[in-house]
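In what follows, structures are represented as structure tokens.
Presented sequentially are two complexes of chain A, the first with chain B as partner and the second with chain C.
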Partner chain A sequence: MTATETRSGSAARGRGRGAAGPEPVAPAAGAAPRRRRLKGHWAGWAFAAPVVIYLLVFYAYPLVRNLELSFRDYTVRSFIDGTAPFAGFDNYIAVLSDATFAPALLNTTLFTLVSIVFQYSLGLALAVFFFRRFPLSGTLRALFLVPWLLPLLVSASTWSWMLNSDSGVVNSFLEAFGIGQVNWLTSPQFSLISVIVANIWIGIPFNLVILYSGLQSIPEEVYEAASIDGANGWQKFWRITFPLLRPVSAITVLLGLVYTLKVFDIIWIMTKGGPGSSSTTFAIWSYRLGFGSALPDLSPAAAVGNLLIVIALVFGFIYIRAQRRLDPS
Partner chain B sequence: MTTTRRRWFDTVIGLVLTGIMLFPIYWMINVSLTKSGAMRQDPPSLFPFDPTFEGYEAVLSQQLPFLGTSFVIGIGTVVLTVVLSAPAAYALAKLRMPGGGALSFVLLVAQMIPGIIMAMGFYAIYLNLGILNSIPGLILADSTLAVPFGVLIFTAFMSGIPNELLNAAKIDGAGNWRTFRSIVLPVSRNSIVTVSLFAFLWSWSDFLFASTLDGGGSLQPITMGIYRYIGNNNQEWNAIMATAVVASIPAAVLLVVAQRYVAAGVTAGAVKD
Partner chain C sequence: MITTKRGRALGALAATAVIGITLAGCSGGGTTSGTDSADAGGEYTFWDPYPQYDETSAWAKVIDSCATEAGVTVKRTAYDTSDLTSKALLAGQQSSSPDVLLIDNPVISTLAEAGILTTTDENGLDVSAVAPNLISAGEVDGNTYGVPIGANTLALYYNPEVLKAAGVDIASVTDWASLTSALEKVTASGKKGITFSGIGTEEGSFQFLPWFWGSGAELTELDSSEAQSAVQLWTDWVTKGYAPNSVINNTQTTSWEEFLTGDFAFAENGTWQKAGAAEAGYEVIPIPAADGGAAPAPTGGEFLSIPVQKDSARYAASQKIVACLTDTDNLVATDNSLNYIAPTEAAQQAQLAEDATLEPWIDAVGAAQGRTGDNLGTDYPVISEQLWTAVQASLTGSQSAADALAAAQSAASAGLTK
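Moving on, here comes the complex of A and B:
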């Protein structure tokens, strides 16, 4: 994707908002339009300079530092005496052949896909439901946002207590139906399911809000025409709502993918990735290597992190492409 | 008549669904009011019939420094985010310099970098600089959660400001800086509110940077307060949940005071139409 393409995309977006109007004409600049424009360029970059410097220092540099960590052999001592031998791809090879790699890959995939499927379908069902605009629908829809706004640590601790084996409300509810004690967080069969359930709960509001705004952009006339043709609610959903919502759906799902790959707090608080590595994802694995013990193993941790970033960016670029296509450019 | 009834029937379903969705939050409040002795009771009491405030007393006596630290870090992040992102957005939306598209693209990608990677990079840098376990260090790290988002929101908003308004200022002899300060900023008040709210909330909620960059500091944010609680005294769940309730207050305030900004922020971050 070239810079000019991006630029024309954002210009089209500006027009799409019906606000930008014609290009700014400097009224008094008839004599030297070029110099004027050049001055505008300088002013533009002057205003953007703080963010550019910021991006270089606080995004680019940590990323470079992270790459360096992964290609060298860093120990705590390296930070004191400043020596870290170059290790090439050794850290990556060590990570790929580690016993945790296969389960971490599987868990990351399962965690992400199952979360997305449920967040999206429940979010869409709720968006369609709230779109019926019944009394109180606005207030209730706003209340649905609460789980998304809470600090993740708060939600995660609440879920861990609810899922506690002995005293959790979930198990006592199941007991009422004659289901015996389930070790949600401490058994390898259930730990991943538990963190997925909590993550779905947190992700529903986000999907609901975006899909709801997508529903608002479907013209009312289409539904009226379908009603005249005798379509029922089910047909209207599958023939009108779902197809017309497809661009918004694509964006919701892709953004969900990027966000879900990053999830750390929930899993760390609820299970710490355990028992064993039964709920360890790449983000958890990286953290555990780097900060989980008294002696940080930063180099392999950085290698795992860089694998994660590659996956995230692949979906990220697909997302950006999808978003561009959504814009009429 | 029948449609009215159907509409109210929808409301009932809506209430039930909201109840299910918010049950964990209700449970958090319920547990925070439960006596320590009744914590392991089976089945647990569904209502705090016999409420106790011992959990909240523990918050008052032990967690105030953490809350204060979080507040300071939150305000610092808000200021840094707005100061950095508003001028950049003005440049992208109105000055339209060449290469601006590339800058927006970089900002979009920056939002997708997993936090754990940023944390690792910051850790290595802070270790060398000796600013681990410090509040300014944490403010800087937390601002990376909000700056790209801030620029995107401000840009979306500022491209909606009519050019006539800016040109009128130019005719009156105002330079770019003057125009930005006296016209663009006041007109963008709503978007400043949106960006500030989210920047505050995200830095308030941050745990990853806090635990990696401020794991051993004397001043730690509230998320670390809860985390330490969970690690130290597994039995005092009323105190843990009371802290959780208190830590949720900014989110609640935000929802009540600025509901429309929240929805706007969520959608603007994802779909810019």
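Moving on, here comes the complex of A and C:
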């Protein structure tokens, strides 16, 4: 589905280029048509105006404002009277040299990579599994969507009850096998693992749905031909399913990356980024700086937020490059 | 939502400027900072953090009758507690602050620092009747920025049945040593000792402060030996199993839920649970200090403040509304319904006359102190963050109490000189 979209997108771009083609010739055609064209432009802009204004007010302006926040030194007082002095990269330097930076970077990387690897591989395994229709497969597949449908507040709270050190169901289950109390949420060794496990559980349905729909676009004949050639199930997966699924996989992983980088609610509800900063990611750190105490540290919070945006952007560019290579037309 | 400052920034973009002006116009229409209605009536705005009370509640009616007495009408808006701080800051930035703002006491120093609030000298409020330890949260650099509507604080609830079964006499619990030996007996009897909230937010610091102050430690010196003994007390309870490991992640609400299971002997919690506790048959004592006596617990509760207005003539009516809301009769009615202890001696006596079980709470509030007091003001949030971080580091065993507090002190000093 995504592949089609991209292709039709590039086709539209091609058409656009085609329409722009004759333009250099136009000035020679005289004043009257130009005026008409100008009028046409105004009408065009008028139609585009709502979208343009919407984009400027709700996308461009907050971004610019966030950049401004991070390059100035805002305190509560200067936030009110608007006299924040320009600070250059001071906030970024302060953030980069903060004791929380290295652990937060490591936590963000681990959280994102481990989540993506497991979400994708489990999602793909389930998609392939459910693609072979069998009795009740529809019902089972629907059940796998439950994590996606639940409000995050509900699922994160449920996870934190299940993983409670003293009265959680997970620990009482482990106890039945003679394994002592594991402090899932309250020990620095386990808190990150716990939030990653919860996040994987929440992310699987998304991967399952997208990859499942990707599987449907692979033509049946390819498999039939492979069967005639004597390919076994394993070979069919690695030589047909996986390569043909690559465009869908790429967009799934990219969207997963962007979602996972900015995951906030699950971690905040389960551990508040703690104990200490053992499960603090950039998203949590930014929130803690900006809203965690009675005295907001708005400028460093904005700097951390911008770092997150830059990281997401880098992966976006990597995706676009990869997409171009896959689809040279 | 679009502020004048934002509006100015938008001016560069012709298309969006139109929107900016329109929206600024909207928000201007909602405020009352206009120059009309200065002396002869008019509508005054009132923000509070009590969304649970609608316009038919006694609280709303008290505000209305006070406004009528002052010869004006009041438009009341209730926000969620955490929401109100950012709303108040934004409104200050837009010069559209409400006429009267009822807000959580630690926020007062932040708003005063931002220059949003008037002092009692400017607005003419009389705060002489208020207990000095309660008004201290509203004092910054010798100025007073508001008056408490009521106070709550922390105390030690106990479950008499669990203590009886373990053979502990509550009268013997007078200091840390006797409390710890009581916890030991309870744990030996197969029940659980104590539950509290050690979470990595302001709630964690709030709960730790009675022990911190009870050891004789000061917030200006986090790495003192007294502070270490307080952190060590909590850490030992967790490592010896007197307190469950979940306290590291407990909010005050989850901690209370643990206590309600009936398995725990003690729970540190606030005035706001007293109705539920009485129903369940639990009783309460002030939190003991290290060497006996009641430890100072931090005060909670809101302050009535009068934010800065362009038209200073509005302060007169605002002051009348606040004075009326804090007269003894209204204070008693309001504080009874909010589960608060009144901030003035006269109103406390009136509360006690109605309900004798309030006595330990009135004692606890009498011993309590403001978090932002001692002129800490906006230093408090910085120190508090390091304090809860150190407590968490020690409770999880990732650092010793001494190391965690030393790190906290150096981080706090670095944060304050910035």
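By definition in this document, the second predicted complex is superposed on the first by the 271 of 329 C-alpha atoms of A that agree within 3 Å, B and C clash if a C-alpha of one lies under 4 Å from a C-alpha of the other, contacts with A are read in each partner's own complex, and residues count from 1 in each chain.
The rule we apply is simple: contacts are C-beta pairs under 8 Å (C-beta built on N, C-alpha and C of every residue); 3 or more make two chains touch, one makes a residue touch a chain.
Bear in mind the structure is a predicted one, so any value in this text is a computation, not a measurement.
Asks: In the overlay, answer first, second, both or neither for which of chain B and chain C A:Arg65 touches.
Replies: both
Asks: Figure out whether A:Gln323 sits in contact with chain B (first) or chain C (second), or with both, or with neither.
Replies: A:Gln323: touches chain B, not chain C.
Asks: Quick one: is A:Ser167 in contact with chain B, with chain C, with both, or with neither? Answer first, second, both or neither.
Replies: both
Asks: Which of the two partners, first being chain B and second being chain C, lies in contact with A:Gly274: first, second, both, or neither?
Replies: The answer is second: A:Gly274 touches chain C but not chain B.
Asks: If you stack the two complexes on chain A, which partner ends up touching A:His41: first (chain B), second (chain C), both, or neither?
Replies: The answer is first: A:His41 touches chain B but not chain C.
Asks: By the touch definition at the top of the document, which applies to A:Leu56: first (chain B), second (chain C), both, or neither?
Replies: The answer is second: A:Leu56 touches chain C but not chain B.
Asks: When the two structures are overlaid on chain A, which partner does A:Phe291 contact: first (chain B), second (chain C), both, or neither?
Replies: both
Asks: Tell me which partner touches more residues of chain A in the superposed arrangement, chain B or chain C.
Replies: Counting residues of chain A touched by each partner, the higher count goes to B.
Asks: Could you give the residue numbers on chain A that contact chain B in one complex and chain C in the other?
Replies: In chain A, residues 52, 61, 64-65, 79, 160, 166-167, 291 are touched by chain B and also by chain C.
Asks: Give the list of chain A residues in touch with chain B in this complex.
Replies: 1, 3-11, 13-14, 16-17, 19-22, 24-28, 40-48, 50-52, 54-55, 58-59, 61-66, 69, 74, 79, 126, 129-130, 132, 134-137, 140, 142-155, 157-162, 166-167, 169, 172, 175-176, 201, 204, 206, 209-210, 213-214, 217, 248, 251-252, 255, 258, 261-262, 264-265, 269, 283, 286-287, 290-291, 298, 301-302, 305-306, 308-309, 312-313, 315-316, 319-320, 323, 326-327
Asks: Looking at the complex, which residues from chain C come into contact with chain A?
Replies: For this pair, the touching residues of chain C are 5-6, 9-10, 13, 15-16, 19, 85-86, 89, 92-93, 106-107, 110-111, 113-116, 199-202, 244-246, 248-249, 258, 378, 380-382, 384-385, 389, 392-393, 395-398, 411.
Asks: Where on chain B is chain A touching in the complex?
Replies: Within the complex, chain B contacts chain A at residues 7-8, 10-11, 13-15, 17-18, 21-22, 24-25, 27-28, 31, 39-44, 83-85, 87-88, 90-110, 112-125, 127-128, 140-141, 143-144, 147, 151, 156, 159-164, 166-167, 170-171, 176, 180, 201, 204-205, 207-208, 211-212, 215, 222-223, 226-227, 230, 237, 240-241, 244, 247-248, 251-252, 254-255, 259, 262-263, 266-267, 270-273.
Asks: Which stretch or stretches of chain A touch chain C in the complex?
Replies: Touching chain C: residues 49, 52-53, 56-57, 61, 64-65, 75-77, 79-82, 99, 160, 164-167, 181, 183, 185-188, 271-278, 291-296 of chain A.
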